[in-house]
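Below are two complexes that have chain A in common, paired first with chain B and then with chain C.
For the complex of A and B:
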């Protein structure tokens, strides 16, 4: 765990670098975390992030790729385009959510 | 201070495409319960940026055969995992019942059926291959297979494409 200053906010990250508390997140934090992994956030990224945040609030779980496609309206192909290589984890990282735990 | 702090920020490893890491999954069984392990693992690997190939052979061919892919069955007969008396499992209708129950369970967990799973895997960049000998044995060609199967290949072809891959046999 480490406390760091990101976008002027004090946030706590776990050993891997994920936010430990989703409530410490803000859009500015997201932009900075995104830049940290080489992403520049477009409207499409924001749509995915906002859905993921809302879904997490409602269900207490970070959506998996399948959930993003089924309920979030972001297809698996789009997710790979927006967040290349490790889409679910990248999205969770930027959205300030825990890594998805679902297998599918 | 809002500059990028990648020097100081602990950053998860989200960009290695596991350089050189490659997975080949051999799906040799076509029952509903044995179709899923390969599909779940493939899906997980793709989500981690790992190049993934699925090779469908023998009974596993049913997973990509258009005629059968949506009708795979789970038979409890001779399957100790059911923890049920074997004598009961042979009763008429038991396979249909068990298949129905398993499908319901999967649906409850929001796990896709086989055709949708294959769609998801290929959307994520996974590669599907049919086995030449299985095709010949069943007198099937590429037209009989799920559209996204990239080709029917021989065992030797599979050896070539799985070079350097971690291989899982299901």
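For the complex of A and C:
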């Protein structure tokens, strides 16, 4: 756990760099977090991020790739294009949501 | 009379029928809907492709595990009508209920991945979570002389999430015994970022893969199977001579069609009580429920202990006083006559230590031992004679930290 200054705001990150409190998130924070992992946010990124945040508020869980495709209208192929290699994790990171739970 | 209707008599359904039958008030009757006349010992399917279990011993009559006085309907559920407190079967039968328990499990769905059930299905492309699949794979392995064996997980969650790892370990062992290990490349392909989900177990199981020269391909989301290869959404290609895949797992179709399910048709429930979201008389237990723990028989068993006590309170009009902690434990067959044991819940990842008694064991957690292997084999008798009939098991349903080494105190030996 560490406190860092991102986009002029004090926020708390867990050991893997994920926000611990989704309410500390702001669009500016998102842009800076995205830059950390080499992403520049396009309108398509924002559509995915906004759906994920709304969905999290309603259901209390970070949406899975399957949910992004079925409920959020962002296909898995798109998700891999927008957030290469590890889309679910990278999207959660940028959207300030908990790392998706890989169900055991 | 009031009616408890249970959909499904697999592991979870059978356990709760037997436990509740002895405890329900006299003005309650139990009805069960189940399409299959035979109950399959699913843990045995892992051993079948290697010829290490007699296929004739895997099935028993479902009826034999249902107590007298329970009404049995042979059929498949079409849909639940939650607002009408009734269930419709495919043959048109309508069954009313006062309380409903959905225990229809999870099913492998090879149809969900393009190309999986194409020309190579059950020839070069196999699953082992069905009896027919495991039998066909037994045949394929007998004829396999070398090449690339790819063990693959399509999407989480899957039933018994350690089973594909066990399959890889046993395959390594099998090819060694045949003296052809050097002629085989074994590759493990997973959508996860490591061998397993949680850090400590993932590290330990990842080490076990590399010690066996099993290649690990992570973050791989299969889009299609084409020309003898798995293709990911980001266009990575993993060619195979023999593919052993775990298809996408989904709950029963009626769950989604009745408005009770998530994207995979698992029932959305309260994690502690299994009450379906928005209802006071619908529960889901076992693999059918959307819970952040393993889909496994051990979870069904621990969950049943909690559920039965809660249910009796619930129908008496009292608040349910127990909450399930997500407790799971699984033997992980490692090959060479050894196995690991993992024990965990919603909040605590699998850790090393002793089980069930602190420092005594006799079973060791996250460590390959002969005792764990014998435990896994002994489980078959326990399953039929103790677990299914709902008799008390000598282990606590709630997970305990006693005997476990906390994650931050684990040394380099792991």
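Everything below uses one rule, namely that the second predicted complex is superposed on the first by the 101 of 104 C-alpha atoms of A that agree within 3 Å, B and C clash if a C-alpha of one lies under 4 Å from a C-alpha of the other, contacts with A are read in each partner's own complex, and residues count from 1 in each chain.
By definition in this document, a contact is a pair of C-beta atoms (placed from the backbone, for glycine too) under 8 Å apart; a residue touches a chain by one contact, two chains touch by 3 or more.
For clarity, every value in this text was computed on a predicted model and none was experimentally measured.
Of the two partner chains placed by the overlay, chain B and chain C both lie in contact with A:66. When chain B and chain C are set side by side, the one touching more residues of chain A is B. Applying the stated contact rule after C-alpha superposition, one finds that A:13 touches chain B and leaves chain C untouched. When the two structures are aligned on the shared chain, A:5 is found in touch with chain B, with no touch to chain C. In the superposed pair of complexes, A:45 makes contact with neither chain B nor chain C.
Within the superposed three-chain model, A:53 lies out of touch with both chain B and chain C [touch as defined at top].
When both complexes are overlaid on chain A, the residue A:86 reaches chain B and chain C alike. In the superposition on chain A, A:101 contacts chain C only, with no contact to chain B. By the document's definition of touching, of the two partners only chain B reaches A:35; chain C does not. In the superposition on chain A, chain A positions 65-67, 70, 76-77, 80, 84-86, 89, 103-104 are in contact with chain B in one complex as well as with chain C in the other.
The residues of chain C lying in touch with chain A in their complex are 155-157, 161, 192-193, 196-198, 219, 221, 223, 233-234, 262-264, 292-295, 328, 344. Those residues of chain B whose C-beta lies close enough to touch chain A in the complex are 1-2, 4-6, 8-12, 14-17, 40, 43-44, 47-49, 109-112, 120, 123-125. The residues of chain A lying in touch with chain C in their complex are 64-67, 70-71, 76-77, 79-80, 84-86, 89, 101-104. Residues of chain A that touch chain B in their complex: 2, 4-8, 13-18, 28, 32, 35-38, 65-67, 69-70, 75-77, 80, 84-90, 93, 103-104.
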